[in-house]
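Take a look at the following structure, please.
Chain naming follows the written order as A, B and C, and within any one chain the residues start at number 1.
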Amino acid sequence: MTEHLLRLDGVGVRFGGLKAVDGVSLAVRPGERRAIIGPNGAGKTTLFNAITGVVRATSGRVTVEGRDVTRAAPHRRAAFGIGRTFQITNLFPTLTVHQNMEIALRGLSGRKFSFFGSAVLSDEEHAAAERALGLTRLSGRSRALVRELSYGEQRQLEMAMALATAPRLLLLDEPAAGLSPAERVIVADVIRSLPATITIVLIEHDMDLVLSLVDWVTCLSNGRFLAEGAPGEIRQNRDVQDVYLGRARPHA
Amino acid sequence: MDRRSFLKATALTAAGTFPMPGLVRAQGAPIRIGLLAPLTGVVAAGGREIVDGFSLFWDERGRQVGGSKVELIVEDDASNPDTALQKARRLVEQSKVDMLFGNLLANTGLAVANYVKTNGTPYFIPVIAADDLTQRARIRNVIRAGGYSASQFSRPLADWALKQGYRKVAMIAQDYAFGHEQCGGFAQTFTEGGGKVVGQFWHPLNTSDFSPYLGQVGSLGADVVFAMETGADSTRLLQQYASFGLKEQLPLLGAQNATDQSVIRTMGPECEGVITAAHFAEGADLPATQAFVKTYSGKFGKIPSLYAFSHYVGAMWVAKAIEAIGGKVEDRPLFLDTVLKTDLPDSPLGKPVHFDAYGNPVYDVFIRKVVKNKDGKYWNVPIATYPQVSQFWHYDPETFMKQPPYSRDFQGIKKA
Amino acid sequence: MTAPLASTLPPLERNLPRGRTLGWLAALAVALVGLPLVLPGYQVSIAAQILIFSVLAMSIDVLAGFAGRTPLCHGAIFGASTYVVIYWTTTLGGSLWAGALLGILAATALAALFALLAIRTSGVYFLLLTLALGMIVWGVCLRWTSVTGGENGLRGAGRPAFLADHVSFYYAVLAVVAPVTFAIWRFVHSPFGMTLRGIRDSESRMRALGYNVPLHLFLAFTISGAFAGVAGALYAVFNDFVSPSTVQLSQSVAGLLMAITGGIGTLLGAFVGAACIILLENVVSLFTARWPTVLGLAFILIMIFAPEGIVGRARLALARRR
């Protein structure tokens, strides 16, 4: 069991009568790059939310490094080493890049409860911030206000913030959504350059991007597991082609 | 006197003078009077009449007294004690008034009284009735010129009720200090004279539906009802008392404010016959009273209310004292002593009045009944008179003040 | 956006170089200390009142401007402290110092209680819930006559002799308000204060980063209540009287209006807002009994022409010039 960094066993999420995620099981090895694909409404983001705790799985089990986190609050899961980005840019727009990093860095440190202390980063924190900004190609943009960044830079900052606290599991929700081809290349480079100690699960629509980045692909459809395999196999898979072409067959 | 004690004495004198701006009034300068009245907020209508009654007096005198011009500065207390306090500070410290007058709601008056306690500014309160201001918590420079203490008139009313043969009273009252005090005066006198309080109903201010109380009143076996109401509560109670059919079964007595002109001038026969006690009866067949009612009605188109007449009388009273000292209001001890020694024989009250040793007037109290006058308007006419009623009734002041102030929990009721 | 009044201002630290900020602060300090030398006594007492209400407005700004939660109960928290101070010093005959401490503690405890109930809501629900909580305090003060004196309130025992005149009282208030202001300033610029701004901008991001959002809001609410309690205790000495009107809704609204007029999220704008509203009230009421209307109109004009508040507006103009 413990050889898997992330393990889902029959995870389901129900909103009233709607089963957004229905009995999904998967297992991700440490250091693996995994993509989750599927058409709109396949339940990808809901699955992410069930892993990070934004919604709670109504059935099944979520395990991270052998620890059952199914019922843990989101901030507890962050403390267990889960970091994430958001599909729709979710930053602190009225603050500077530096301040965004400051908040990100202290999410897991006791200094967040310093009521009257100075907000200035310690050398160690400063180095961590610079490292994350460097990894995401944002060095030198510290003093910019987030709402003045280009959209591409905002997507990069999304990743920088998730990386700030050195998570062991990083969930990237459509990191390249809405980007120009040139910006996509940057994002792909950033992801490729992340250290192998970080396990990455990403949701992405751009198949070319996905295939160049990951080792293994899981395809969901209508909230259910559809297929799994290496990128090349998935590309050839008839079921996957069908759902992407909009000819989903009823599942038995 | 060595240098040190001289300095000390100088410092003390300076400290003593500092909060007494009255002392710096130049000879021949006008006498400044600050009038605090609620011109906005819940009791704004009463506040307007305070200004009317008070200004009427000074206008009639050509705004002159004791050889000095009188300058009136009116401030709105907004029916709010914090605002009243702020305005009182401004009148005393910025406008440098020689004295303050006014306020309508007890809490505004208590706030201002607490403030003038620290600086000695004379403060006259023709409407503020909180008992303790001239009893247990007496402040020398706070004088009820033209005013009364809350329990003062309900005692003769209770005595009158006993004389009519009533023995069992049910009481309905607004649940706040003014109500507790008026009811306390009645309940104590009534029970000490052999009567019994069969029920007391305290309701919140601004009660719209009295039926829960009126329903019970009928079943208590009372032979008389006492109501302590003000403003719109009073209007509603009188109306509902009549529509419940209680008016024909159970005689209704009230605190003076229950049938004040501010309440009954807009009412119909439902207020007729209600009995109250007060130092003033607009329907009294007394020349001074009728002259005042005629002037006031001619000018403002309505019969004067408690707010108007008591401020008129208060102004008259203090003006007489100012005349007596030749306008030297800056000599505060003299001014205050003179006010307390001044008798007023010829005011609209119609009967001579004077102060007791505590700054509260001693009045001839009328037992009044609401009747329709020849113009078809309802007003209060005297049906009996209790001469020389002080705030202490027949009690010895010192002994009386040993009992706790009236409250919801202490009504002075004598156990049979 | 969860916060109706969330600030859209650039952060202060980007606009003013440190040296210049210090220069301004020094000038301000000189002005505040020198004030009683040039003003007549009554105006000095108004200045003291402005300082006191600035602290109330700042305590509101901590929540409204930094945590993105606009409260309508801080007048009640402020007034609860006033009640405790006056009750302690008169009815119980205790010392002013202990009374002030107890007042601040009571305000803090009350705020903690309110926080437990209110922090899971945001936006207009937070506004209404805190309004209702404030009304409960008002109701209790009105009805619990044996302790609060009901409608008539409680009268104080008078200021201690060394605070009796306006000038010494003003300096005493200044001596409290200056360090308290510094403390609040440090607070909103501390790592914890930064977490509040994060919560204001995005709660979901904060949770994903490991922040226990309700806990941070709870602490922020409680601490802001303590600051309101300081203001309330000062007000007890200033007013020497307390009644339900001190805890009523209009007190909470006045504090919020001061924060808004100065500029939500600017913190020090609270001083400008408090000065504007208290001075306007004093000056306008000299000329007309309709001063609440004038005040309302002035507020509408500010909302239309400078929704960022006066200090917020000035800061924007300064940023643009650079």
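Everything that follows uses one rule, which is that a residue touches a chain if its C-beta (ideal position, glycine included) is under 8 Å from a C-beta of that chain, and two chains touch if they have at least 3 such contacts.
Labels paired with UniProt names: A = ABC transporter domain-containing protein; B = Leucine-binding protein domain-containing protein.
Bear in mind the structure is a predicted one, so any value in this text is a computation, not a measurement.
Enquirer: Based on mean C-alpha positions, which chain is nearest the centroid of every protein C-alpha shown?
Expert: The chain sitting closest to the overall C-alpha centre is C.
Enquirer: When I count C-beta pairs in contact, which pair ends up with more: B-C or A-C?
Expert: A-C
Enquirer: Report the inter-chain centroid distance for chain A and chain B in whole angstrom, where each centroid is the mean of the CA atoms.
Expert: Roughly 75 Å, centre to centre.
Enquirer: Could you please state the distance in Å, as a whole number, between where the Cα atoms of chain B are centred and where those of chain C are centred?
Expert: Taking the average C-alpha coordinate of chain B and of chain C, the gap between them is 38 Å.
Enquirer: Rounded to the nearest whole Å, what is the centre-to-centre distance of chain A and chain C, using the mean of the C-alpha atoms as each centre?
Expert: Their C-alpha centroids are separated by 42 Å.
Enquirer: Going by the contact rule at the top, pick out the chain C residues touching chain B in the complex.
Expert: Answer in residue numbers: 40-43, 45, 145-146, 149-153, 155-156, 158-159, 164-166, 239-241, 243, 245-246, 282, 285, 289-292.
Enquirer: Considering only the defined contacts, which chain C positions touch chain A in the complex?
Expert: Result: residues 6-11, 14, 183, 186-187, 189-195, 197-198, 201-202, 204-213, 216, 219, 223 of chain C touch chain A.
Enquirer: Considering the complex alone, what residue numbers of chain B touch chain C?
Expert: Those residues of chain B that touch chain C are 15, 18-19, 39-40, 75-76, 78, 80-83, 85-87, 89-90, 93-94, 106-107, 110-111, 113-115, 117-118, 130, 176-177, 205, 407-409.
Enquirer: Considering the complex alone, what residue numbers of chain A touch chain C?
Expert: Touching chain C from chain A are residues 52-54, 73-75, 78-79, 83-84, 86, 90-96, 99, 102-104, 106-108, 111-119, 143, 145, 161-162, 165.
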